[in-house]
Each structure stands twice: as C-alpha cells, then as structure tokens.
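You will see two complexes here that share chain A, one where it goes with chain B and one where it goes with chain C.
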Partner chain A sequence: MSSLNETVAGVQTVDVSSGSGLILEGLSSFFVGISSNGIFGLLLFVLLLALGVFFHRLNMERTYRSVAATTRGGEVSREELREEMFTRQGSNFNAAAVAAWMLLFAAFAYFYFLTPEIFSRHNYYQVPTLSSGPLGFAIFGIVVFLFTGLAAAFIPMEIYSYYDISRKTKVVIMLTVPLLVISIALSVQQGTIFPEVDPAARSLAFIALFGSEATLLWPIYAEALGGIR
Partner chain B sequence: MRLCVVGIGGCGGHLAERFLKSQDVTLLKQHLGEHISFGGVKGLWLEADVQETENQNFFGSLDNGRYPGFFIPHDVIGSDSKTSKLIVDRYGYDVKKQGFMRQAEFLKAVFEIFETDEDVKSAALLEHNSDNPILRAAWDRIRPYTTLMGPRENNSGLEMCDGILFVVSLGGGTGTGFVNPITRYIRGERPAYPVFVMGVLTEEGVDPQQRAKEAKRDLGATISLYDLLTKKVGIGVDGVILIDNEIMVEKFGQDYSAIDDYIHQAMRPFVAGRHYPGEDPPSLAMREKFVEGLDRPSILVPCYFRERSQRNPEDDLVKKALSEGRLFSCNPDMAERAYVFSRGFMDQGKIVEAVARQTGLSEDRIEPWRKLGEKRWDEILIFLRNPYGEKRGCEVKGNLEYRLHRVIRKALNYMNDPESNLVKEGMPERTRIAIKDYFYGEDGMQTRLEEGLKRIEDGEKPFFSSERNIFESSERDSSKSVASGSRGEVDEDAVRKIVEQILRERGIPT
Partner chain C sequence: MKRLAACLIVVVLLLPLAAQAAGVSPSPPKSTPSSSGDSDSGGSTSKSGGKKIVKLELEDLIGNLEKWKQDDPDQFEYLKKLLHIPFVPPKNYSAPTVLIWFPNSTDNARITRNEKLDIYAWVKNENPIEVRSDVYLYLEAKGPDQDNFTRVGSQRVILANEYSEKTNSTTRDWSGLTPFLDSKEVGNATFRIWFNDMHSTYYTDTMYSKPFHQNDFHSILELELVNSPPEVDEKSVRVEPSRARYNDPIRYQARFTDSDGDLINATLHLLDDQNKELVNLTQEVPSGTNVTFAASEYGLFGEGDAGKNFSYMYTYGDGLDVNRTEIYAGPSILPSPKIFVSDPNVEAADENRYWWQNYRFSLKVKNPDVSNLRIDLYTSTPSHPNKHQDTKTINASEEVQNVIFDLQPFDVSDSDQGFSYYFRYSATDQNSREEMGGTSEGRINPKIVKYPIYSAVTVANIVAVLLAALLGGIVIERRLYR
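The block that comes next holds the complex of A and B.
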C-alpha cells in the first residue's frame, strides 16, 4: 500500500513539475516571439505612450469638470486650476524621473535598432563608421539622448507635477533607472554577440523595457482607472 | 496659508516629524536639493532634553546646518554664564535644567524672570546681546522659515511660511512650559502674524512613558491652557487647537506612533496646498476669520473624517466628522463658528448647508476652504470654535466642559495635596513668596481656577478671565514695577478698571 502511495505521489510530482515546466516554456517562447517582433514592439511602445497622453488629458479634463461642477456658476479658469494642481515632487525624484525617461528612449533604441535582427534595414549596423568604431555603442546612445533628451526632460515635469504620487510609487519609478540600465546592458550584449542571439537575455531586456514604460506611466493610468471605477 | 510647524518637547517633536517628513525619495538616506514636505510645510523641533535629541535620527542639529533640525534653546546659556548664576542665586532656578520633569510652572517662572527682573535683563544683554537670550535664540531659528524673513534676507528663493503652528503636548513638560513664553515673545515683534497652537491633552491615568501622575500633568495642562487662553489677541496666539489623547487612546490603544500618524492625517486638509482656484486667501485674512469678534484666543476642536470618493459626499462627511471624528469631545451645537477645510471635489454651498444643519450655526458663521484631494479619497476637517458654554454642561460626558472641568478639578486637587510640594523649602525667599502667591495667594491660581470651574458650571464663556504671572505680584509688593510684560506693556485690565471708574464717577455709562 505504501509503495502504491509513493508511486501516486511520484506521478503527481512529475505532473506538477512538467505542468509548470510547460507554462515556463510557453511563457518563454511567448516572450521570445513578441520581443523579436519589431512592428509589435514599436506599436506597443507608441501605444503605451499615446494612451498615457490620452489619459493625462482625460484626467486633466475630469479634474476641470469636477471643479467646475462644484463651483458656483461653473466658471473656473483652466490656467488657474493648472497652477493650483501643480505639485512639487522633490528634486531627487525629478532627477530620477528625467534620467528614467532618457534611459527609456535609449533602452528602446538599443533594443530595436542596435542589431539588424529586428529591423534589418534600419539599425546601428547600417552605419559602418559608427559600428566599427571603438565608441560606437556609446555614440549611438548619445545620439538617442540628443534626439529624445528634450522630450525626456519635459515629460516628467508635465505629467508628474499634476498627480498626487505617494513615496512608494516614487521609489518604484526611481527603480526603473537600474531596470532600464539592465535592459540596455542586455541589448548591448546582444549587439556584442551578434549574429548570435541569446533569447533569454532578449526576453529579459524586453520585459525590463516595457515594465519600466508601464511603471513610468503608472500614475496617469492609476488616476484614470480611479475615475472609471 | 503655508505653515511653519514648530514641535516643542517630546510629543511636539514626534508630531512635527510627521508634518516635516519628506515627500521626495532619498538616495542612501541623503537628500539632495530642497526638502519637500506635505503642503510645503517647513519647521523645526525645539527640545530641552539633549538625550531625547540623541535618541532619534530624523532631526539633525540646526547648528550644524541640518534640515529638518532640532534646537536646544537653553544651550545658548553657557555653563559659566553670569546671567545663569544670577538667576540661580536670586531665584533658585537653573535655566539649563531640562524641561521634561512635568513642571509647567518651572519654565513659566524662568521666562518671567527674564521679562521682569531688570538686573537679569541687563546681565543677559551684556552677556548675550539680548535681554531674553533663550527666547531670542529660539525665535532666530524659527524666523528664517517665515515670510517675516523678508525677500531681501531670503536669498534661497524658497517659498516661506506665512503662519506658525506650535505643536505641543499639554502634559506639563517642555512643550507645556515653553509654548506661552515663545508665542508671547514672537508677538512682541509681530502682533498680527498668524500663530496657532495645537495642544495634545494627555490621557487619563498614569502616563506609561514617564510614569507621571495624571493630576500633576493636569496642573501643567491647566497652567498652560490658562496662559494661552487669557492672553489677548495680538499678545497671545490666534487659536488653540485641542486634541484629547484619551480619545486617541480609545481608537489606537497606546500605539503612540499610530496616534501621531492619525493626528497628522487629520490636519492634512488644514496644511495642504492645491486650493480650489481663487480660494487661497492671504494668511492675514484667514487669521482675521479665526479671531473675528474675539478679544482672547478661542479653543478650536478639530473634527475629521475621510472616506472613499462618492457623489455628493458633503453631507455624509460633515455628519461623520462631527459625530465620529471629534478629536476632543464637545457638543457641536455649542460652537460659535466653524472653519471647514475639505480635500476632494465638494460643493461649497453644500458644505455650508451640511455644517449649518448639523450644528445649528447660521451660514455666515461657517467658513469653508476647499482643496483638491487625493485620488479616490474625500476628507474634511472642521474646526469648531469654542464649542462649549452650556449650563451644567460639565456634567454631561462627551462635552468639552466635562473633560476640562475634570482636568482643572484634578489640578486643584494636586495643588492642595501636601505631597505635591509646589512651594519648595530651600528656594530663595522671593521665589517662595512669588510661587506661594501665584498658587495660593488671594488672587492666585487656586482662586482663579475655582472661579473658572464656576464659570464652566454656569455655562459662561470664556472660563478663564485674566492673565496671571508668577512674579508680577512679588514685583508689585516690592514696589519695583507694575509692568506685566517684557516690553513695558501697561496692565490693560488695571487701566480699564480705572477708566471705567472715572466714567462712572462722571455719570457716563460704560
């Protein structure tokens, strides 16, 4: 009887482990699949940003309407309301947020436009003087910073200053800086080993990139979701 | 109104910490750039006990340039100070003694000596360039955070505070003893600057932290409240926000950290920024509202409630704040006025209507100030002005009169307890006479507190009548001076009586 129990238990263990193994394998191939799909990634990145812009405008409009609805006569100056809504989040947070947004754009560029694997006609290797130079990767990053720096500096000030962001959320947003550095490092590694591909590193870089983007936009989404509730 | 929060003493320090906590993230516990607190609050901690400052790591030493910082005002008096020696020799008081021993009259006496004794003033002036160096030093540390600093002196370009909130425990320690002298000192410079005090009355029974008897703490609280509530507007504070730890302990047990968090949360609508457009009046205008129709500071009872956002939340929030959310027991129907601070989307008219319905106040006696709230939460804080005055109201549990009547009664019992030893043997004669006169003299505290109890029982407002100093009577006896304040202020009550007498003699109705 006891040997029968052991056998049943053994079979159950095997079932469970093989089940979780299958899930892991499925997830892994899912991430490898979507992370290699350039169009999907590009659309997702832009969609998350566009939704952020849309929800931000929606949140501002909702606030305006709520204030107007509770104000005698319903007349409220939008400019005055914006001034009142402005909240200082602290210089440490602001610095971290600007850095995170710059790194986000850099991580995106490193992920999709470093190796020819995803966008074969538009990538770093299409500029031989750059890709064969000793500081090629760094120059590539600096160029991205130059193109996106203004946006990266402007976005945090525009979005975070109008939201009530808890200290915990600020810490999480701040943690996207190392997360994005990891994403960039993994993308650089892909560039170094090219034409070899490390699917696990690529998936991890993908998760770090889009996880960070969602986190950076979270205060806007959270406010919008709160309004929908 | 952007407030400068000054915590005094142990409890004041814990609460000030909540107000001054940074909203920013820190890198390895280091702040780079400006320290941002909720509502743009700035402030510091005044403490007399060096050990207390060493047992915490939130405040750093202001003298070392740290922010948020603590300051030990008594440190400006050196151990070999001639002023200090003069006070010890003449009065028997050691000005460097720590103020935590639950003896409110100690600090009161010390600061009155600086205000009344010309020799001490001269010695202090010679030695410290100020006739009241301890208070001068404390004020010098507070002033830079306020608009009183002036744009020329404010080189940092930071936003300054246009009001001060002192936070103290009314337990007879440093906060209890220090708050009156410092507010009076500030008033000497700025009679119209908004200054409020938030006082936490300690709970009944033995204090678990310092094992101080309730009656002893009650005497400290009574002396402090007496002094706060009898100074005229412009000489004293603009309002005394009272919080009863007895209610807090019922809610949170003896988890003092949770109590401090809750008190801070309740005060957030008061200190918060993000006003409704056009509803951020100048601080002086707000002060005027708080002192309108009064010649002495009012008692302000905070009533607070917070709930998830919903449509038309005004009625429910007001109702719950006034019933479940009182931070000091009282009967809202007895309030003279209500000052309402809300956070969330609320209609001003509906707030006023709800408060009027719940308190019976006419709408012109309700002042609402609205602010934008936090996501998904609405909250309201209502300050009820002087919510007492019911005949025999002191017999009704849950009334403000009931609690304060008990406190004053216990203070009186303590004064009459031989063990209390308020007039200590071994003190210099002049101090013994002054203290004895202050407590037990013909016009002493005993008589005044008994009168106060009678006024509470009769439902009269205010229940404390006029200021009483420790050293004024003894000074009068020795025919030295009739000035009651440090800046040569005339005793207004005495002048009023003389004028009234002259008018009566001339047949002019007063």
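The block that comes next holds the complex of A and C.
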C-alpha cells in the first residue's frame, strides 16, 4: 500500500513538474516569438507611450474638472492648476529618471536595430566603418541619445511632476536604469554571437525593455486606474 | 576580160546560195584573198583529161569582189544591178501581228535586276500557208542606263507551218532572262521585238500606229527596274578574337543580305584608334553568306601593332546602293609579354575566416626586365566590388619573386559573402594580360562582431553608454529641472 502511495506521489510529482515545464516552455516560445517580431515590438513600444500620453491628458483633465467643481463658481485656469500641481521630485530621482528614459530609447534601438536579424536593411551593421570599430557599440548608443535626448529630457518632467509618487515607486523607477543596462548588455551579446541567436537572452532583454517602459510609465497608468476605480 | 568573164560565171553559179545565206545570217567575216593557187584567177587550177579546171574558193571570190569594188566601182555597181533580184510579196500579203506577251505583267510591273523574266512573242499570221514566209524574231531591251535597245536572248524562228490551224497564231519564249543584271541605275526598263518576215523588218514599238496594251499583251513592254539596298546582320559583325596577339588568326566576319539576291560588294575598313582608315579590303559575296577577312591572309597586323587598339567598319553595296555599318571596336592587339606570373593564392589567418582577420595574398612573379614593376591587389565582394587593397613594387630579377600582401581586406559588411581577388600589374604577362586572380573557395564567416560579450572592449562600450546616460541625466536635471 505504501509503495502504491509512493508510486502515485511519484506520478503526481512527475505530472506537476512536467506541467510547469510545459508552461515555462510555452512562455519561453511566446516571448521568443514576440521578441523576434520587429513590427510587433515597434507597435507595442509606441502603443505604451501613446497610451501613457493619453492617460496623462485624461488624468490632468479629470483633476482640472474636480478642482473646477469644488471652486463653486470661482474660475481656475488650466495653467494655474498645472503650476499648483507641479511637484519637485528631487534631484537624484529626476537625474535617474532622465537617464532611465535615455537608456530606454537606447535599449530599444539596441534590441531592434543592432543586428540584421530583425530589420535586415536598417541596422547598425549597415554602417561598416562604425560597426567595424572597437567603439562602435558605444557610439551607436550615444548617437541614439543625441536623437532622443529632447524627448528623454522633457518626458520625465511632464509625467513625474504632476503625480504623487511614493518613495517605493521612485526606487522602482530608478531601478529601471540597471534593468535597461541589462537589456542593452543582452542585446549587445546577441550582436556578438550573431548570426547565432540566444533565445533566452533575447527574451530576457525583451522583458527588461518593455518591463522598464511599463515601469517608467506606471505613475500615469496607476493614476488612470485609480481614477477609473 | 576573159578572166573577169570566168569569175562572173562562177559568181552567177554561187549567187543563189549566197543570197539565201545573206537573208538569215549575219554577214560573214571579212577575209583577205588567198595567196594559194593561181593568184591571177583567184582560184586553184588543175588539169583533168587535158582540160584546165579552175576551182574557185569562197574566200577568193569575196576577196575579188572587194578588189573590184575598189578598182572599178562603176562596173561593180553595174554588176550589183545585174545580180539584184527584188523580192515582191504576193498580192494580199499582210505582215504578221507580233506582240510581247508578259504573263501577269499588271502584277509584276516592278522587277529587280536578278529577277528571271519569262517573256514571250505572240505572233499571228493571217496569210495562207502558201504565202506565209518564215519569221525571225529577236527580243530587244533598253535599261534605265541605256540609250538604245540591245538584243537579249537568241533568235527565234517561226516557220510557215508552225502556226495554230485554228487561231493562226503561235508563241515563242525567252525564259529566264536577266537582261539588267549589271544595270547601274534603276528606272524604266523597256522591251520590244524585232522581227523580219522575209519581206520587211519591223519593230513592235513602231510598227503600230499607237502603242498596244491589253491584258498581258503589249506592243512595247514597260517595266520599272527597282532595287532593295543590301542590309547587314549586325549580330553577325564580329572580329575574333577581339584580344589577340598580332600573329594570332584574327578573322573579321559579317553577313550581308540583299532581298533582291544581288551580289554584295563588302569592303572592310580597318581603322586605327583615332578612327583613321589604315587599309580597306573588298570581297564580292552572294547575299546571305558570311564574308570573312582573315588578317593573316591580308597581312593586316605586324609586330609593331602590339599593344594597339583597332576598330573597323564595313561599307557594302549591290552596285546601286551603298551603305556603311557603325564603327566597331577591335581587335586589341596584345602587347608582347614582359613578365611571367603564376600561382595566385589567398590564405586566411585561420580556418574561421572572420572578416576582421588578416588574409595573405600571394603571387609568383618572374620579372627579368621591368624595373619598378607595380602590382596592385584588388578584392571583390558583393558589398565592395573591385576594392583596391594595396600596392607593391618589385624590381627586375632573374629569380622568381613571391609577392605577398598580408592585410585585413574586409569589413563587417563583407561577412557571410564570397570573395574574389586579382593582382593587376604594370606589364604584360605571358598570357598577354595585365591581371591575374582567383576566387576564394569558402565564404567569409558570417559572425559580425569581433569582440565577445565578456571582452574589455564590449564591457567598456556598455559602461560608456551607461555613463553617458547618467551624465546626460545629471546635466539635464541641472539645466532644466532647477
């Protein structure tokens, strides 16, 4: 009887482990699939940003209406309200947030435009003099900074200065800096082993990239969700 | 006088025969009196049974007549009167009707020089058979470049009994005529018939009060001689080989066609590199056949032509129209060899064949004469076709020299591509060429990044990106957020 129980337990153990293996395998193949799809990635990245902009405007509008409703006939201009709502988040946080947004754009470029694997005609290796040199990777990232610097400079100011961001959230946002560096490093690793592909590293870089983007936009989404509730 | 009387007797005896011959045949050739036999009588004499027999030859008689004509013209005229027997046609005799019959003449009014014509004489003789006389006919033609008619084809004869009993007519043909084969002009071509019915001579273009044309029957046949100019088959124009040594069997070939089938005069004009004519050669070829000029046959090129580039063109005509081709390049006469090269080779630094590795290109050169021989190395990939890599200069030596280029010829865009290479040198080799090369057997490794992820270079790049971002964040925060 005991041996039978052991056997059943063994079978159950095997079932459980094989079930979790299947889930992991499915998740892995899912991430590999979506991370290799350049168009999907581009659309997802832009969609998250666009939704962030949309929700931010929604949040600001809702706040304005709430304030306007409580003034009982007194007029409140939108500009005055923006000035009143403006909150300084601290130098360290602001600097880290700007760096995080710069790294977000750089990580996106490294992920999709480094090797010919995803966009075979638009990638870093189409500039042989750059990509043949030892400082090619760094120059590529800095060029991306130059192109996206303006956006990276003003987005944090706009989206973090009008929300009440907890200390924990700030820490999480600041942690996107190392997370994005990991994404960049994994993308560079993909470049160094090209034409071979490391699906796990690619999936991890993908998760780090889009997880960071979602995290950086989280205060907006959180406020929007709170408002909806 | 006795002598004259004897000759006259002979003349009278021979006259009927001579008269008949004169009516149907061209005049006999002039002859000089024979000096053989008895010169006084103009004949030979022999004795038979005690009688002297004078045998008169025809040549002797003619000679005597000519002599009499000169010596005693009055007597000669009198003799002619005596001998002349006027031919009086019978009553109710009418000359035969003669017309040119050219079948399908309404459709074939245009003819070419080579076209074979079938032309007929249609003759109708209404006289009773006992009154009819023989009719002799010639076809005469006048081309666009001729002022007078000339006879074409041979004489045709119609005897009295050769007419159809029902229609009293008959035909004679001149088939396969090409009377204007050598005409140098195009234009009107005219035919008529000359005929003689033993009473009179007639021309069909003048014997009728007005020209007769009905269906395919004509008193005078007027056609238009036309010409189609010859054409060149441009694909056939070539000189082979286009690069050759001066003493190689160089052949110029071309094919010309003439829709009229005329013979074509094809002239090859050999030109120098300034397109000035050096020599021209002409051949006459039938339409559609290749004309070939072998350089060796005409001695076109010599040792002094080594290294020169020539060109050529053709003029071609059919006697009426002359055309010319465009100017074609060739041949290039190869220079005489100055160096001997062999064994072009390339080896990658190792079997990985990465784009960032050095590759060793080598060529064996024997250069006994040329000082400062320049050798250039070129590589070709789809990304970088004909890329110049490096130049080396070697001096003359009796020993074979191994010229080596050890360099990094590729960049990242060449990865995963095949490549070829060639050495270009400033002298002519044993193959009369100035370059030699080869193709790499394998492709360049598809790996595109030289450094592994854990290398200091890669880590430094990532750290540099991180530091740049942090620095950017700090600067922006200080400048914009305060």
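The rule is simple: the second predicted complex is superposed on the first by the 228 of 229 C-alpha atoms of A that agree within 3 Å, B and C clash if a C-alpha of one lies under 4 Å from a C-alpha of the other, contacts with A are read in each partner's own complex, and residues count from 1 in each chain.
Going forward, contacts are C-beta pairs under 8 Å (C-beta built on N, C-alpha and C of every residue); 3 or more make two chains touch, one makes a residue touch a chain.
Keep in mind that what you see is a predicted model, and the values were worked out from it rather than measured.
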Looking at the superposed three-chain arrangement on chain A, would you call chain B and chain C a clash or a fit? fit
Look at A:Ser66 in the shared chain and tell me whether it touches chain B only, chain C only, both, or neither; answer first, second, both or neither. first
After the superposition on A, what does A:Ser212 contact: first (chain B), second (chain C), both or neither? neither
According to the stated criteria, A:Ser91 is in contact with first (chain B), second (chain C), both, or neither; which is it? both
By the touch definition at the top of the document, which applies to A:Leu81: first (chain B), second (chain C), both, or neither? first
Once the shared chain is lined up, is A:Asn123 touching chain B (first), chain C (second), both, or neither of them? neither
If we overlay the two complexes on their shared chain A, which of chain B and chain C does A:Ser35 touch? Say first, second, both or neither. neither
Counting only touches as set out at the top, which of chain B and chain C does A:Arg167 meet: first, second, both, neither? first
Answer with first, second, both or neither: which of chain B and chain C does A:Thr148 touch in the superposed model? neither
More residues of chain A are touched by which chain, chain B or chain C? C
Could you tell me how near the closest CA atoms of chain B and chain C get once both structures are overlaid on the shared chain, in Å? 10
Using the superposition described at the top, list the residues of chain A that contact chain B and also contact chain C. 88, 91, 95-96
Help me check something: in the complex, which residues belonging to chain C touch chain A? 355-356, 383, 411-413, 416, 446-453, 457-458, 460-462, 464-466, 468-470, 472-474, 476-478, 480-482
Residues of chain A touching chain C in the complex: 88, 91, 94-100, 102-103, 106, 115, 125-126, 128-129, 131-132, 134-138, 141-142, 145, 149, 152-154, 157, 177, 181, 184-185, 188-189, 191-195
Using the touch definition from the top, list the residues of chain A that touch chain B in their complex. 63, 66-67, 69-72, 76-77, 80-81, 83-85, 87-93, 95-96, 163-164, 167, 170-171, 174, 222-223, 226, 229
For a test of understanding, state which residues of chain B touch chain A in their complex under the given definition. 22-27, 31-34, 36, 40, 273-278, 280, 345-349, 370, 372, 374-376
